[in-house]
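Questions regarding the structure given below will be posed in turn.
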Amino acid sequence: MCGVVGIYCEDEDLTPSLTYYSLYSLQHRGQESAGIAVYSNGIKVYKEMGLVTEVFKGDVLSKLKGKIAIGHVRYSTTGESRIENAQPILVRSKIGEIAIGHNGNLVNYSQLRGILENEGKVFLTTSDTEVIAQLLSNFLMKYDLHDSLKLLSERILGSYTLTMLINDKLLGYRDPLGFRPLCIGEGDFGFVIASESCALDTLEVYKMRDVKPGEAIIIEDGNVEFVRVKKSKRCARCVFEYIYFARPDSVIDGVNVYKARYNMGRRLARESMVDCDIVSPVPDSGTTCAIGYSAESGIPYIEALIKNRYVGRTFIMPEQRIREHSVRIKMNVIEENVKGKKVTLVDDSIVRGTTSRKIVEMVRRAGAKEVHFRVGSPPIISPCYFGIDMSTREELIASCGDIEYVRRAISADTLAYLSLNGLIKSVNFNEKDLCLACLTGIYPIELCDNSKYEQNY
Amino acid sequence: MCGVVGIYCEDEDLTPSLTYYSLYSLQHRGQESAGIAVYSNGIKVYKEMGLVTEVFKGDVLSKLKGKIAIGHVRYSTTGESRIENAQPILVRSKIGEIAIGHNGNLVNYSQLRGILENEGKVFLTTSDTEVIAQLLSNFLMKYDLHDSLKLLSERILGSYTLTMLINDKLLGYRDPLGFRPLCIGEGDFGFVIASESCALDTLEVYKMRDVKPGEAIIIEDGNVEFVRVKKSKRCARCVFEYIYFARPDSVIDGVNVYKARYNMGRRLARESMVDCDIVSPVPDSGTTCAIGYSAESGIPYIEALIKNRYVGRTFIMPEQRIREHSVRIKMNVIEENVKGKKVTLVDDSIVRGTTSRKIVEMVRRAGAKEVHFRVGSPPIISPCYFGIDMSTREELIASCGDIEYVRRAISADTLAYLSLNGLIKSVNFNEKDLCLACLTGIYPIELCDNSKYEQNY
Amino acid sequence: MCGVVGIYCEDEDLTPSLTYYSLYSLQHRGQESAGIAVYSNGIKVYKEMGLVTEVFKGDVLSKLKGKIAIGHVRYSTTGESRIENAQPILVRSKIGEIAIGHNGNLVNYSQLRGILENEGKVFLTTSDTEVIAQLLSNFLMKYDLHDSLKLLSERILGSYTLTMLINDKLLGYRDPLGFRPLCIGEGDFGFVIASESCALDTLEVYKMRDVKPGEAIIIEDGNVEFVRVKKSKRCARCVFEYIYFARPDSVIDGVNVYKARYNMGRRLARESMVDCDIVSPVPDSGTTCAIGYSAESGIPYIEALIKNRYVGRTFIMPEQRIREHSVRIKMNVIEENVKGKKVTLVDDSIVRGTTSRKIVEMVRRAGAKEVHFRVGSPPIISPCYFGIDMSTREELIASCGDIEYVRRAISADTLAYLSLNGLIKSVNFNEKDLCLACLTGIYPIELCDNSKYEQNY
Amino acid sequence: MCGVVGIYCEDEDLTPSLTYYSLYSLQHRGQESAGIAVYSNGIKVYKEMGLVTEVFKGDVLSKLKGKIAIGHVRYSTTGESRIENAQPILVRSKIGEIAIGHNGNLVNYSQLRGILENEGKVFLTTSDTEVIAQLLSNFLMKYDLHDSLKLLSERILGSYTLTMLINDKLLGYRDPLGFRPLCIGEGDFGFVIASESCALDTLEVYKMRDVKPGEAIIIEDGNVEFVRVKKSKRCARCVFEYIYFARPDSVIDGVNVYKARYNMGRRLARESMVDCDIVSPVPDSGTTCAIGYSAESGIPYIEALIKNRYVGRTFIMPEQRIREHSVRIKMNVIEENVKGKKVTLVDDSIVRGTTSRKIVEMVRRAGAKEVHFRVGSPPIISPCYFGIDMSTREELIASCGDIEYVRRAISADTLAYLSLNGLIKSVNFNEKDLCLACLTGIYPIELCDNSKYEQNY
């Protein structure tokens, strides 16, 4: 997963700070690397491994000036996280310079790369973003920007939300199926394009609207142009953005993420409430859902678990003997709140199930009479090829057995998932406008060769 | 504020990791520096500026071996945060080596230092911990450990929870008024002394009990001795540990912090409920209190505000023009949850009031019809001289005017604080066993010269 | 300037260390960045800004394993020194992976890049090494390795000494005019290709021979193949390698650098000796030349100047007021050795003349009766376009006036340079086999557009 | 070993830079840590592990302002090099603040510390400098500065050259036997006190004179006072400062170090010249001595060995298999200069002999017909207890056997040392004014308990 932003600001000294703050508000979308590209008589990129606050320290920001900028935060799904793959990437060609920040994943990456290699193209990274850059550069040599975007959209398949600098132009582009979110806002200083509306709020900017699937935003000399590059009969908004990934204060395609999660909790209670003394979230992912569940069920909302709020990227586990207790180091149970009680734990989803099991056991050891587990989404049974790291099918516990199998695996007294219909109602879209692949196994784009896509994560 | 731990572990390779994890669970008590001292044929100290995970990286831990260890995390209240003041401090004298980690503040520091200087003593730091170390060393030259601790307690005034290595002995000591918490637990590997019980939970250790005010724990060769050094007719448990400072999963002197806060919320609702559509915490400090308030009042608990969970120590504000919007960068409002609604915001306390005002305004701008502010503790009117940084009296907004004055300052529709009596009932101690100085101005120890104490923060 | 190495070692655990040590011995050829690429089932690159010992610290080396490796140290001539330009660079294409380390400079870089851009090629760096990589990749798609190297040599103009990994093959290649040195050695463990023979000595490896101009070394599965890719009627060995750049213990194309410099000193004495009490080098560059001058002239060799041996890359000059005294901070005069004496100072060359002037003045202020300056090479009048940073023509003091002009500028009593003929005799090559462009203005390759080459430094 | 400086400068912004540059010029006296203390309304210290340029980077210097400052560079002789032992150290007591930088070693440290401990004193470091600070503080409580220095000199035994800030006074003090050098200079901006005159040259300051043994310099409000604290019938100038330690451009007690070394070489040639083709230094330590040897003997001075000039503190030896070749990595032989020749190698001294042996073998393997070794000082047979790290007696090869024993150990054809008389003549002092302990075993101060001193290194 990744987060992207684009800034147009009349005051070129202010641009880098605005980009920095908006990236900071999207930090949850990627913690591995961060980067900013600015244009001012040529494009300059600064990117490093680390959190936004770690990358842009000292006087780094003050060396980046320009009226337009893009920014990127990246989360790596592979063990090999390297600076070479940090973004934005910058390429130079006959048509000048292009800097690209990309959120998503191309499913025909291997094919495209094969074709380009056969044409004699050479690559310096293993990222699909370089493929996009090469294709776009080539189109721009022969066609204007509108046609080039159209041609690009016909060639690349998958999810791609892009912010770009093409020489002195700032672009935002959302793929025709609209997998990943993108929105645009306007403020006193200029314009902001960002993955989520929380970035606009952070800059105290007025949200104009969500960028439509297949739509490009082109900003040049302070003028904004909206171009519908490609129309699609359906959409494929990632439902996982609502379930887990996006910040709860964001509004995506008109739907507030908090409200969607709250609704999931309410519907979950309606579908599968069990009588208990308290309902508690698995922090932090289950919080909103548990609040909704409590509201609907009338069972008091009390936190059974407290998370160490300093848990982060840099945590080391020096002693093998201690590693197995790691859940306890990250999260603790409040005995007072569970002892002798019937407890319902609510989480947004279950992926591998190992953490869920440890939490259930911890609550039970603290004296809970019963521990019931409720999940704000249906079972995850298929891997995602569109940009969310969900491990391979083998690791998805729900793909290995039925609900009873999972219940035993996590040792809960009862287990219930939200129904697919309940989820769809909660987010309030037509089913055909959502990507539900991880829950149904039905992919909105036909896949040719799975093994290849996985390499490309 | 600070956090302290002491570890006795039969396996000397395991000790450093145990100390590390327990410090990590006390990170909320101090983020400026961290340190560990171990004894193995002499005492070795490693300490640095930074979070626990930043200080103990690479192979640092593997170089610290020994059966006994103490650890310390420190929060500096002054601008000048320097490595010289990091703890544990290590002193050498005729009686050997003493390493000390200190949580608290001596109110007769200046007098004691003056006396010691008149005796020809020389100091390498400006910390009151060095005064303790010098006094204790001196007593130990003439007296045994029990008598030395007694003499020390007669000389030093203020709050002091100490963990110490005195050559090959491990000690924990809580001052006779018991300002700051301390507890002891026993596990398979040995013993753990820690500021809060959450550290014991993290190590999956059985909590034996709280260390009593005026009680010392002496561990030598695996034997534990409990010594009642000094008895006091009253206690002075810091009520702010329950209100704000301690982790909610800790149990201090038999009272679970979460429950105390939850009770504050319930009593607050009983005392000053106003009819509203939602009740929301100011995150993260007001969360538990708001949950209690919602439970008692029946008003739905819905989060109006979302905090950026990557906010931390290293955040920079490069642009003056942006600095004033800093609240928005740290916290955002969910418009959906407040628009057209009557909102009650609950926080644990109000210190300077500036953040409260910004939050109230942010919620109002998002469309709330009414914004009511409820505080889980009485007004803070006096500074703390016992170890909690609460700024000077001039900055305490409640010391400048009555409740109506504060209400106008934070621009809330209504404002109510929990009554002192309500607070005392919530934590469930006798009033005489609590330090309520910040709320009442009545200090449990007579102060001689305020200006001097403040220098010593 | 840069230094390159290539290692073939049967023991894949040993290869990274061998590469590290050989780079370390070539540190004088580049202090800005260092990098190593290894092949073991794919190519892996590690490179960073800094000295070899700074870049490869901690456990970096232990993560690089493989039987073949190349290494590179780089010296940047421009203010903008960036990680993007560090080498080796790694490209991927249809034919697999190519890693290249390059010492030299292409003079038709702009033209080549223009042609490639017109063919639709896209670039991620501004380095001429990427042009080489793209061209070579393209040739390898259609031709075998021998023919590809031949075609490459017909396309690229300038100086280029390359070490490369082409998938599992290790290559060394020296351009047809042989501007920069390259040699090969054989040891118990395998083979070493390096810019200078001092790298072979460091690894205690037997020097097989210098790689001939236009010759490629291809090592595959432990077999070495010598291929004469392109023959040239003349050579263009850079004479500045002998004058200043190479390490004195290296032997390049059969000529020991120390001996060449010693000869320069002897011939200089024969040509322009002036009667003096002592002859002293300008440290460290003039040392060997001054020893030769002393031997020939019979004037005692005594050091007038001592250099602070900790002068290095990281030196800062915090105070403007002190900056002008910087020569004194780097170098001091020994008054005892010069007071009341006639002093001859010997340096290898004069570029801008500013340091020379400060040194002459310093020696004079210390009481020298006379200060004579002798230079071990002819005046530098033209910039180098083949890889040595010598600043632009405007900054070359000898291009601004005759010897008398320079003498006055550096305020010496007398000044003499070695004659061109004397230099050629000292290095003992035919004039037609040397590049003397910086001394004569006659370039061995015709230049089209100077301004463009300069951009490419 | 260590280096100390003290600066008085009317312009308080300039003081830190002057201190920095003078420390930089004394870097050869200690590479482990560096520190600066300034006084401006209180004393502030900044010190870190590392070279001067590494410690004072970024904006560190700009935060240190004041008219007076002291600085210190430290070389640790033990494996345990820790920040706690970095200097200057700062102590606070009734009389105010004292910062001390110390070059030397107390031989009655253990006794003094024992006495102070018996008086109830407590120590935070294991350094003898803290003992000096405690004693001086105590004296200053009862006596004026002059008497206190006198009393201090009666109590402490050993070598001690000190620069100090005592509140707003700047002091320099050289012990009564004058083991370590100290000099004072005057410039436009004020005064400089420094270990060696090269620091004065660096700041372009006029050297007033050497500080006499037993003399203190007190600078207050720009006024300088010279106080003869204690007179001694003899001196004990460390002869090793002239042999090896000091910079050759320094003048110590009227004797230029370069000239002393040059004389050693001349006398060595007169005493034990052997007919050879070339004479070469062991770089860098033997250079000046070899130049003198060549001048006297008439044998041409030609360098047989070249040292990698990037050898430094941070060098790592990742591979055990390579470690034994380490001499070759640091130093290479020039075959051209030794092949078929009779070679005399000159070094300033031999400590353990291991490097000497490797060098002799390397030269022989390069084809030298004969290899003769000449040493510019007599055999080192006894350890130093006055501040020079020379390892213990067991490691001193000359303490294990006669010259023939050493010759065989280093495998030279012949070996000769300079005679003691020759050395004394070369430095041109009366024998009774030198410390020759390492060469004679006769210590200028009676030693009580060697084992204890060694602990204190």
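The chains carry the letters A, B, C and D, assigned in the order they are written, with residues numbered from 1 in each.
We take it that a contact is a pair of C-beta atoms (placed from the backbone, for glycine too) under 8 Å apart; a residue touches a chain by one contact, two chains touch by 3 or more.
This is a predicted model, so every value here is computed, not measured.
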Handout entry: Distance in touch steps, counted as few as possible, from subunit B out to subunit C
Key = 2
Fill in the blank from the handout: Expressed in whole Å, how far the mean CA point of subunit C lies from that of subunit D is 36
Fill in the blank from the handout: Distance between the CA centroids of subunit A and subunit C (whole Å) is 49
Exercise for the section: Take the average of all CA coordinates in subunit A, do the same for subunit D, and state the distance between these two points in whole angstrom. Expected result: 61
Fill in the blank from the handout: Going by residue number, subunit A touches two or more other chains at none
Problem - Chains that touch, pairwise - result: A-B, A-C, B-D, C-D
Fill in the blank from the handout: Interface with subunit A, subunit C side, in the complex: residues 83, 89-94, 117-126, 130, 133-134, 137-138, 141
Fill in the blank from the handout: As the complex stands, subunit D meets subunit C at residues 14, 16-18, 20-21, 24-25, 27-28, 31, 51-54, 56-57, 61-62, 198, 201-202, 204, 247-249, 251, 256, 258-259, 262, 284, 287-288, 291, 294-295, 300-303, 306, 308-310, 312, 314-316, 318-319, 321-322, 325, 328-329, 332-337
